[in-house]
Amino acid sequence: MSALDILIILLRVAFGAFVPLSFVAVLVWMERRGAAFFQDRAGPNRCNVYGIRAGGLIQNLADGIKLIFKEDIVPGHIQHKLYFILAPMLVFITALLCFAVIPFADVLVLGDREYVMQAVPMDVGILWFLAVVGFGVYGIILAGWSSHNKYGVLGGLRAAAQVISYEIPMGLSLVSLLAVYGTVDLSAIAQYQGQLLFGFIPAWGFVLQPLGVIIFIVAAFAETNRTPFDLAEGESEIVAGYHVEYSSMKFALFFMGEYVAMFVSSALIVTLYFGSYQIPWLSTETLVAHARPVVILLMIGLPVIAYFFAGWIKKNNRTHYYRADDPRSRETAIYVSLLWSLVVVLEVILLIYLIFAAGGAADRILVLLLQIGSFLIKTFLMCFVYVWVRWTLPRFRYDQLQKIGWEKMLPLALLNIFITGAIIVSFS
Amino acid sequence: MAEMVKLFVNGQEVEVESGKNLIDALKVVGIEIPHFCYHPALGADGNCRMCLVGIEDGRPPIVPACKTPVQAGMKVLLDAEHIKKIQHDVLEFELINHPIDCPVCDQAGECSLQDYYMKYSLDDSRMRVDQVAKAKRMDFGCGVVHDQERCVLCARCVRFTRQITKTGELGIVNRTDAARVTIFPGRPLNNRYALNIVDLCPVGAMTSQDFRFRQRVWFLKKDASICHGCSRGCNIYIDHHREKYKDDIIYRFRPRTNLLVNGYFICDAGRLSYKEENENRQVTSLIEGRQAPFDETIAAIRQKLDQARKPLILISPDCSLEQMWAVRRVSTLYGASLSGFSDAYVKAGDGDDFLINDDKAANRRGLELLGIKTDRKSFIEALQKTDLFVNFNNDLHFSGVDEEIDALLGTVQSIAVCSHQRDVFKTASIILPIASYSEYGGTIINQDYVLQAFAKAVVKNEAGKDMLEVTRLLGGAVIDARHAWPGIRKSVACLADVDPAAIPAEGIKLQTGEDANVGA
Amino acid sequence: MSIKVRVVERKGRTFLEQLYLVEVVKGMTVTLGHFFRNLLDNSRLYVRHYPEVKPEISPRWRGRHRLTRHEDGSVKCVACFMCQTNCPSNCIMIEAGERFDGRSEKMPVKFDIDLLECIYCGYCVEACPMDAIRMDTGIFSVTSNSRESLLIGLEQLMETPGGFSEVDYHKGGG
Amino acid sequence: MSDRSQLISTGESFAFDAERDAEFERLVVRYPIRESMIMPALWMAQEQAGWISAEAIEYIADRIGTFPAKVLELATFYTMYQLKPVGRYHICVCRTLSCWLRGKQDIVDYLADEIGIKPGEMTEDGKFSFEEVECLGHCGTAPVVQINGEFHEEMDLKKFKALLATLT
């Protein structure tokens, strides 16, 4: 094993562990800001460090500090303290582990070595995901039960019943998808989606499985306990469900676990149905072959995007009432200058690349970075869908939830398998 | 039972007692005739004209009800238009110069004028001239404060001082709209019943310095009880109230009518004795000066009683009959000698021929009937022999220090089961707080052998335990007041037929041998 | 039975509505419209920039209480306990005492309002025969770091000035 | 009617002189109850001192054996008992209904404005004192003014001025 191998492995693991974590902050921010904008409010806009609010991200910092320093209460009536403490860890760790098998870029070819861009390169990919995500609900059940609290137990029960109901349509929708791809390896699935259908349509999962994608997304929502399927929390009926007795960082783990799970399931949806890291019509090889024009396009595009973004910042980041010596104009000036500095730095890097490093390994790394960017943007947008749905739809009633799961999703998934099977058989 | 007669009120037949006037007779059957000046204790004066009623087929057609004795077949009109007009007009006259300062008037809420206005008038004043200004906040002495503007000149107060106390301090001076109640200059009220004037006054003209502005009457909870100030056992109302975040405290005592015992009045000393119930209370259990939990203190007392060779138990003559019985049981249980020595409670020469008695012990007759010795000689003998002295709330210093007894007390170990912090209990090695009489129920016998029952009124935040509970925990078999009675009935002949749950409000006059002799 | 029974037509019985998806997409379009409108120009948000921009309060708005005074500064309250009697949340605690300034015979010695218990119903203001207690201070934010400081007494109640002119108050605003 | 209950104390004890003492003893046996003697006794006290002081009332109450407050009631009720020194001419103006309706107020106002004495007051030179009294029983010839016990009926301002002019 060469030093490069070890470095690449370290980088992969670091990516798999820290990207979901840092996305927690982004997602919490997105949830809050998104919720606010959906509801015609402003969202977090107070917390600041020397007047810099970073669009509300500083609020997350404040929340984090608060949760860390809050009193960590283990109620006296709890008999199984170990399980009580174990439960939030379980929820968080399982959510994090799921991400390990998701490829975030195409196989990196450096010289004669190939590096699979997954935290844990694993052939069984999707099965690992199904196994671990199903394990996550044990954390919730354990939390509800060990809380020794009626509401907690009810929340845990609901979570369990809900996960059982929705694992089935989810698995069945996957069956048809896997039949199409012919593999369970997520890397292979991602590569498959780099092809073009009929020469001009990207062969992404949602094109191949229009019904499957809907079933899978709905089931994924239920699996992650997100609205409209967050009956396990049900504030109006069971206070906060399974985490009613939790405080401080133990509560924060549940909270972060939920967002990691949301991120991971977004990543999986993207991997399975939305072309993973693939940039439409630009497969890995195409990109490697045309690295220079792509970079030149980027160099032109960056300042244009930055110009509009700066304009947007200037327009929106100001005080909407009379305020002497508005501190937000200062803040805006800082943001804009930072933005342009970033553009300049990127331009310089790209220029250096063009002049000195074009061709060979550098092209490969450039493509890797582009694909990672593509993957993250897609995942981010999928997360936005999560937020969007949450602030649009009301929570289902429990009986409605079960009815949809068993009476609608299950037959539809079965139907999907038949149709897919018929098509595959007739075409092969 | 007096003879009953039938008469008609507003065309309806009612049966009432004969020999009474219309107001009293009809009140018994629930028909109220408005009146200011009439009071059963003071007799009819007929000056207020509020009680005018119509008599059909009679002459004259309109008569004051207070001066009209009931007659068989009488046809009384109360709701006729002309009667209503009389009531309405009388009220209008009364209110011409009335300041209508109900918001600051202590009587508001128990004021006849206010009630009658709401019931019979409800009109705005038609007067367009200035009201006659009279003196306010006049100190009449004895804690009575007079407000001339509110006065309706019913003269109840004047008649009270002339007929009941026979001191005649008050008079109505001037005439017409300048008339007012006043004292002779330099001669304020000077009698021991003066505060009854405050109760008598149908409006807020007479207020008590002591109760003035302290609480609005509608907040007060009014519970019937018996005054423990002397052996008369006057019937009272305990007016108490628990304000938010505070303790349940007594604001005043008021007399409760009981013709067998105290009539309509109580003495000022008794009236103001409510303060004793609020202040200076023993609230903590102490063992050798150290605060201890109640249970621990009880255990300590039990231990001391068990170890003592010949304990002496002293009981207060203020205790209820049931408590005395229970303490007697405890004394037999521990082989203790029991005494009710309470000479200190007698203040010779303090009594009068009306309500106040020399003997300030509420239930001395109870001690007598239960056969508990009260004489000084036997108490001192027992005290000399004893090694443990248990005092059940008996204030030996009630009328000053008794040197001889104090000297003896200094030599023995003592335990005090007491409701108040008093000098005599201070030397005790164990002090156990108990409830005072406003906080428990029971029966007492007054000096005229009238057996009266009273109920628990006040519930303190830090409630002391009833003495019965203490004796029960000390091993006595008496669980509560009811369980004391089989034993009491057996041992006291004149109580043999008494059912404690069925003692009427006015009490039972006991037929004791002695009493029967006196009667004969 | 003479109760009129009205049969309400139930919505959501067609196949498309039963499918949910179409309705979900419709709803999501609406919310997305709001999202982008606000994202592109946040000056159109329906928000009040509290605490920098205070809300307009009408003179009849029931804020924190105050005790009014006569022209000479003495308290108008005569300690009649009407407010305490009427208070449904039992948050007013008065102690009365003698008054010697000739205005009345009685005045409050202590006048405590437990703002934590108060439900701001305004019955005390209605009950007051002297117009002595009012809720026209315009103070709507009753916050503190300790429970004790929210039990406000006579001094504090008298110190607080009214938030509106006498004319506006009696007119009731608007 | 003004408040008459503010008694004036002379600071000296009061007692009937020998003549009135004998008169008292002569009269008191006439009545079945001694309290009936209050009014004659008040008259006698007023004759003796010109007016009735607090001490006089206390003396009478003691002498009769009743409460001072009771004597005070009578002394304040009847306006013919003078509870303070009066002028040489004591003017009593009836204030009750008939006299009021027929214009007694003109006379009262005249006394207040021109002579300078309000009800219950006396001129500085001691010539006039003035009191509003309750019904004098001459309602048919209202308004009526009584000066030193002498009735002047159907008074009006003009007649009253003329009347005052005759007094020296």
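Order of writing sets the chain letters: A, B, C and D. Residues in each chain are counted from 1.
Assume contacts are C-beta pairs under 8 Å (C-beta built on N, C-alpha and C of every residue); 3 or more make two chains touch, one makes a residue touch a chain.
Note that the coordinates shown come from a computational prediction; the quantities given were computed from them, not determined experimentally.
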{"item": "Per-chain Cα centre nearest the global Cα centre, belonging to chain", "value": "C"}
{"item": "B-D or B-C, whichever has more C-beta pairs in contact", "value": "B-D"}
{"item": "Farthest-lying chain, centroid of Cα atoms versus that of subunit B", "value": "A"}
{"item": "Whole-Å separation of chain centres (CA-atom averages), subunit A against subunit B", "value": "81"}
{"item": "CA centroid of subunit B to CA centroid of subunit C, Å", "value": "47"}
{"item": "Distance from the mean Cα position of subunit D to that of subunit C, given in whole angstrom", "value": "65"}
{"item": "Overall pattern in which the protein chains touch one another (line/ring/star/complete/other)", "value": "line"}
{"item": "Every chain pair meeting the contact rule", "value": "A-C, B-C, B-D"}
{"item": "Residues of subunit C that touch subunit A when the two form their complex", "value": "20-21, 24, 27-28, 30-32, 34-35, 38-43, 45-47, 49, 52-53"}
{"item": "Of subunit D, residues touching subunit B in the complex", "value": "1-7, 9, 54, 57-58, 66-70, 72-73, 76-77, 134"}
{"item": "Subunit B to subunit C touching residues, read off their complex", "value": "101-104, 136-137, 147, 212-214, 216, 218-219, 243-245"}
{"item": "Interfacial residue positions of subunit C with respect to subunit B in the complex", "value": "78-82, 84-85, 90, 93, 96-98, 104-106, 114, 129-130"}
{"item": "Residue ranges of subunit B in contact with subunit D within the complex", "value": "134, 158, 162, 167-178, 180, 182-187"}
